[in-house]
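Both complexes shown next keep chain A, but they swap its partner, so chain B is in the first and chain C is in the second.
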Partner chain A sequence: MTETVMLVLPQTVLGLLACLFILGASFGSIPRGSWNSWALLGLVAAGCTLHFLSDAVPLGGTTAVAVDSLSRGFQWGCLIIGALFVLMARESQAKSETAAEFHALVLLVICGMMLVSAANELILLFLGLELVSIPTYVLLYLDRRDYAAQEATTKYFLLSILSAALLLYGFAFVYGLTGTTHLSVARGILTDAYAVAPGLPPTGGSVLGVVALVLIFAGLGFKVAAVPFHFYAPDVYQGTTPFNAGLLAVAPKAAGFVAMIRVLSETMVGFEVPAERVAIILAMITMTGGNVLALLQTNVRRLLAYSSIAHAGYMLIGIAVGFWEAWNPQRSLGGETGLPGGISATLFYLFVYSLASAGLFAVLIYLPRPGRQIEHIDDLTGLGRTQPLLAIAAALFLFSMAGIPPLPGFWGKLSLFMGALNVRSAPDTLHYGFLALAIVGAINAAIGAAYYLRLVAIMFLQDPISVPQPSGGKPAFAAVLLAAALSLALSWPKPLLSYVNGIGERPGVVAAGDPDPPVYTTKVNKHRTEVGSP
Partner chain B sequence: MSGANFLFWVYALAAGGSAIAVVLTQNVVRMAFWLIVSLGSTAGLFFLLGADFVGAAQLLVYVGGTLVLLIFGVMLTASGPFINMKTNPGELVLAGVVGCALLGVILSTTGAVAWDALPSSQHQQKLGFNPPEDGSTLRPLGMSFIGLRPDKDLDRKGTSGQLSTGYLLPFEIVSVHLLVVLVGAAYLARAKRRQGS
Partner chain C sequence: MSYVLLWMVLIPLFGSLVVLLVGRSGIEHVRRTALVNVLVTFALSIVMVANYNPHQKDGLGRSQLLQMKVELFGSSPSATGLAQSSGPDIRFALGVDGISLWLIALTALLMIPSVLVSWTAIDDRPAGFYALMLLLQAGMIGVFAALDIVLFYIFFEFTLIPLFFMIGLWGGYDRRWAARKFFIFTLAGSVLTFLGLLFIVLAHSWMSGNAHLTFSIPKLTADIPRLVAASADNATFWMTYSPWIFLALFAGFAIKVPLFPFHTWLPLAHVEAPTAGSVLLAGVLLKIGSYGFLRFALPLVPAACWGALDWVAWLAVAGIIYGALLSLAQDDIKKLIAYSSVSHMGFCLLGLFALNTVGISGGLLQMINHGLSTGALFAMVGMLYERYHTRDIEAYSGLMRKYPWLGFSFVFVTFSSIGLPGLNGFTGEVLSLLGMFRTRPLFAVLGLTGIIIGAWYMLWLVQRTFFGRLREPILEQAQHAAAGHHDHAPLSDLNWRELFALAPVGVMILWIGIYPQFFLDRMEPSIRQVVLVLEKSEPGRRTQMAEMTAEGKLTTEYTKNTEQE
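Let's turn to the complex of A and B:
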């Protein structure tokens, strides 16, 4: 029991702090400006516990909380990006009367993301995902209360609930298939039942698993804003503050992808072929839909919403490749080229994308004059003359998103596309689905470059219309510079790539014993019955 | 046909039929009534399965709590135009197609699955099932929510004093969810009052 408490210590620190914030807000004596510093301190404290945890608790284990390199790396990513977001909000929340609640909710979102990455159990995973969504509903309504914000909040609330229901339905099918909510046990049970020799096509498993797969893809598709489920994104980003839009572009997407890796890539042994097909189709329509619609946008936040949809499509390429690698372990990409396998490439891209997104939204927070927001892309006209440093940082993020070498976005796209190109259906023939995926991806990268470069051109090649009066405050500017510095540092991608390379392998199988059976199926032995009943 | 079988059909038909009635009715108050019947019959199905805790929770939370709130909400807010919900035919057709497609998928799945060959059934046959007349899931569930799993820990060998956690962690996370929901509800209510005054 103490073991499990240790395992979630960083999340506990954040959650407790958030509860204290909410409690403390009811006493008026704490100055409003100080909440931000406390939140930053809390993130540092969580980082410390996470750091010491890696010495105290060994990797592996079959408790409800998994500690592996995926969860550790992802949690560090959450803390870094989370700190950037807290920094961005410093100035705007310094005088707000809801500052304490605001910071508590942001901490809870970060805590939820960390829980999702650590969850080794369906229930915990679902609750972690909800811990990302529920505070987001409140955040959307807290800062902006005009008509557009109400529409955005309602839309996000209703669609998010629908997605949670779909996800839960899918989880119920997984439980029906395996009889356990424990992911590593489920993996063991499915391996026993459906696994074949590596390299042979999987047997296909039961239809029940395929239905579960599709429902889970649909539920998580909402979270990552993949195309048939993306309808909320542009309206919500447009109708809310740049901070919330930035948080929405990063937090649910990251949580959704890590949940996808945990539940689908790592657990659903024997269902790789249907999963691969669903992922390929989703990736293609998501990339294309997002990029083509982004071309038509003139509102900055709508444009970034469609661009975030397109990036979800790129990341789905890695998920698809990951499914293929799962049943072709000997042909997986890892060793030979030094480029990561599918899942690892997705994780690398996720971090790089989050960094660039956080940076861009920090620019949108810093830039507007008091009481006004950056709406039309023409609001950015001539930024290169009036705010050169900021414009250079923004251009850096846009280039990284467009995938221009040597910025990290390029390395991310390269790993994803090379992963798809290296898939062979037989030792030396190309796999047409993945070939098409790589080609569609490359075309989309070109379409994406068009609108990112249009933004850069507006900033640098046109004369400024007016002199900007940035109101976002120095901390937001610092967040921009920090994100830019990190992005530049990642232009030497080797350390991070080799780190994520170790993550993407499917973890070992736990024997299909029964470390954590549901309560109501355990009363088999005589003495168990005596304990269970009065 | 045994009594349990008969009751199953009664509850199942009531749950399904009134769910259809919810969709087909256009008056909000009647919809709420049919929802009560549907959710109540679902609780009956849970009781038939021997899941007394889930059944009771279904009655308390959905029938007792959510629906009463819904009816209050309808009574307080609905006036004239909102009491009847008109959907335009296009939406009706679209929703019908999507709903029927989902129904088709689930029905065909139910038919196609070899239930006895599922890994879960084989796993379960090793462990054995609870006899349905056993009931009383409340105590072990409650204990597992506060972090105790005596049913598991007593016959565990060689664990050197390590106990299992049960569902303590999920329970705590749910309470944080509720805290957030409370904060959100408070702000929602306060904003309304400020607008009103």
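Let's turn to the complex of A and C:
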């Protein structure tokens, strides 16, 4: 028991701090401006505990909390991006009367994300997801109380509840299938039941499992805003503040993907083939839908909403590849190839995307005059002249999202596409499915570039209409610069790529030391020869 | 010495920073810094050419075509297989061989006119303009020198961004759309190309059974033919996939060249770009497409190249004739030259897809020729535009009387462009068509008609603008004076700066025309290597090879061949 508590120490720090904030808000003696500093300090404290935790606690085998490279890496990402978001809100919350509640809620969201990544238990995982969702409902309503914000909040609330219901229903099926809510145990049971030799395609499992799979995909599809569960995203982003939009673009998506990895990729052994099918189809329609619809947008936040949908599609490529790699560990990327496998690539992309998103939304927070948001993309006209540094940073984020080398978004796409191309000797139709996935992804990268470029063109190629009077404050500007500096640093991708390369290796699945694994025969596989590299 | 290529990339990169830094102290400093930068890089390119020895041998007596290699941040895979902490094996590796040698030199050379024609034409935010131009130069040299697939792609995309801003900020009326169209067209193709290249990397690892992924271009081009020949399984695998790989490569390179139905971005970008942008776009950037075919498609998927020969040749011929006819119909000088690019690049591809040494040499030489002559033509149109602010052919007549030097240069370059014997265009076109004649005579004959129409529209242009009674677009000038514009050059003949801009191009035009062997000698050994691979997969010979494989002869003969290389 005590051990389990120790394992979630960083999350506990954040959660307790959030409670303290809400309590402290009742006492008027604490100046409003200081909450932000306390929140930042809290994140640093969580980082410290996370750092010392790495060595202090042995890996728990059957605890409800998993402390592994995935959770640790993901939590570091949460803290970094979370700190950027807290920094952005510093100026706007300095005089707000709800500053304490605001920061408490943001900390809870971060805590929820970290909890999801560490969950080894369906209940804990669901708790974490709700800890991301529920504070967001309040956040959406806290800052803006006009008609549009009300609509956005209601829409988000209702759809989020629906997705939670779907998810729970799916979890119930997993429980029905395995008789446990414990993920590692469930994996063990499923591995025994649908045992496959490495290289053999899974047998497909029972109908119960497939239903669970589809329901969980649907439930998490809402969180990551995958088409066709994306309808809330554009309206909500448009109807709320840039800060909330930014948080929505990052937090539920990250939590959704890490939950997908925990529940589906790592647990649902034996259901990889149907899971691949679902993931491939979701990825294709999500990328294409998001990108094509983004082409038509003129509202900045709406455009970014569709762009975030499209990015969810790219990341689903990695999830799909991850399913294939689960039964083909010998032929996966990762390890010696130096490029991350599907799940690691998803995590890499997730971080890179979050960084660019955080930066872009920080620009939108910094720029507007008091009382007026940046709405139409033409509000950015001529930014290259009036705010050159800011515009260059924004262009950096946009180019990174478009996948222009050598920015980190390019390395993310490279890893994802490489993973999809690397799939071979799947049952034939699936093999072509993955090839098509890579091609659709590449074409989408070009479509995406079109609207990112439009924004860049508006900022740099047109003369300014008016001189902006930024009201976002220096901290938001600092957040932009920090995100830009990080993005530039990640243009040299080897450190982070090799870091995520170590994540996503599943010890239970890989049959280590199997000298001559039975190989699922296909045309391609036979072409391996013994020539060796000269 | 071996760092010459690295410096050629780094000097423009640093130069662009320096230009931005001196930007505050006035336009004079900016353009002088840029010029010094460009001249230093050009001097380095001369050093590079002088030091390139096509017959160099290494210690074991094998010929070494790839020279002046530089490699930074290389990581070798550890022998224990515990390379998990290392990232992908992507290296910053540069080198030059006979294929890239002259293209790098051409880039360095064309930067001189590009800087000099912008001297007075660009007075709005000059620091930004020259900085972008130098960035573009770094990207272009990097593309040709890159020895790593990812590095190649990075430089490839890196050329897009500076040119996007050059066109979009300093271009003509429709510049924003032109810049975006240019960017999106190129990107759309190049992502597919990149996918194809990544697939080649993976296929190499599958066929060799080595989990380590190599992105090195020389290693891939050397290994893949060997691996394909090594086993029947590999051969069938490669035969199945190589048409698809070719299609993927084709998507990006054909748009970049541009080949006939994909050329629509080109005239718009050319016309809207500032003069220096047009010079570099026509002179160098289009060559990246044809270079890509020569570097990747021909040696890596030779069988697919034979299969696609007819298709590509039809498209090239269509481009030659269609481009020429469109040029004939233009009334804007810049547009005319832009469409003539479509036509001329068709010859390059016709040469390359002759798939024999003569044709490929011709195609490569024609790339250089087209860069020189079209670059010079765009530069001169820019000079004319600076004086009169119109590019309407109708507006000019008899300029020869007032501008003898400009007239002389224009006629000289026109002759080069239409392939007058003794100037460079002739050699390239003849070699390309000769090569094609040996492979598919029909296309060579059809291509020949393009030369005739080419002579027609170019000479007609010269006749209309430079000969006849002197007629200047006075109206336009008066309007400008009235509007208080004084940014146009004085209405006098070319000054020293403009002559100096054209002189190096003129020298090269004469040199290639009179003594092409100097250039061919240095490119041919590298081309022969490509042709060796191509010949082995020629359809007729393939059946022969299949029989030989059955008898077990092939591998021994193959190893013999490679040893001889």
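One rule holds for everything that comes next: the second predicted complex is superposed on the first by the 498 of 534 C-alpha atoms of A that agree within 3 Å, B and C clash if a C-alpha of one lies under 4 Å from a C-alpha of the other, contacts with A are read in each partner's own complex, and residues count from 1 in each chain.
As a convention for this text, a residue touches a chain if its C-beta (ideal position, glycine included) is under 8 Å from a C-beta of that chain, and two chains touch if they have at least 3 such contacts.
In this text the structure is predicted, and so the values were computed from the model without any measurement.
Residue contacts after overlaying the shared chain place A:L296 against neither chain B nor chain C. In the superposition on chain A, contact is made by A:L190 with chain B only, not with chain C. In the superposition on chain A, A:Q462 makes contact with chain C only, while chain B stays out of contact range.
Look at A:C48: by the touch rule set out above, it reaches neither chain B nor chain C. After overlaying the two complexes on the shared chain, residue contacts for A:L389 are found with neither chain B nor chain C. In the superposed pair of complexes, A:I443 makes contact with chain C only, with no contact to chain B.
Once chain A of one complex is fitted onto chain A of the other, the partner contacts of A:A485 are absent, as it touches neither chain B nor chain C. Of the two partner chains, chain C is the only one that A:P406 touches; chain B does not reach it.
Applying the stated touch rule to the two superposed structures, the overlap between the chain B and chain C interfaces on chain A comprises residues 523-524, 527-528, 531-534. Within the complex formed with chain A, the residues of chain C that make contact are 75, 77, 81, 83-89, 150, 153-154, 157-158, 160-161, 164-165, 168-169, 175-176, 179-180, 183-184, 187-188, 191-192, 194-195, 198-199, 202, 205-214, 222-223, 226-227, 230-231, 233-234, 236-237, 240.
Contact residues on chain A toward chain B in their complex (touch as defined above): 1, 3-4, 8, 15, 18-19, 22, 63-65, 98, 101, 104-105, 108, 115, 123-124, 127-128, 130-131, 134-135, 137-138, 141-142, 145, 175-180, 189-190, 192-194, 206-208, 211, 512, 514, 516-517, 519-525, 527-528, 531-534.
If you check the complex, the residues on chain A that touch chain C are 334-339, 399, 403-406, 410, 414, 417-418, 421-422, 424, 438-439, 442-443, 445-446, 449-450, 453-454, 457, 460-462, 493-495, 497-498, 501-502, 523-524, 526-534.
Interface residues of chain B, counted against chain A in their complex, comprise 51, 105-106, 109, 112-114, 117-124, 127-130, 134, 136-137, 139-141, 144, 147, 149-152, 154-155, 162-165, 167, 169-170, 172-174, 176-177, 179-181, 183-184, 187-188, 191.
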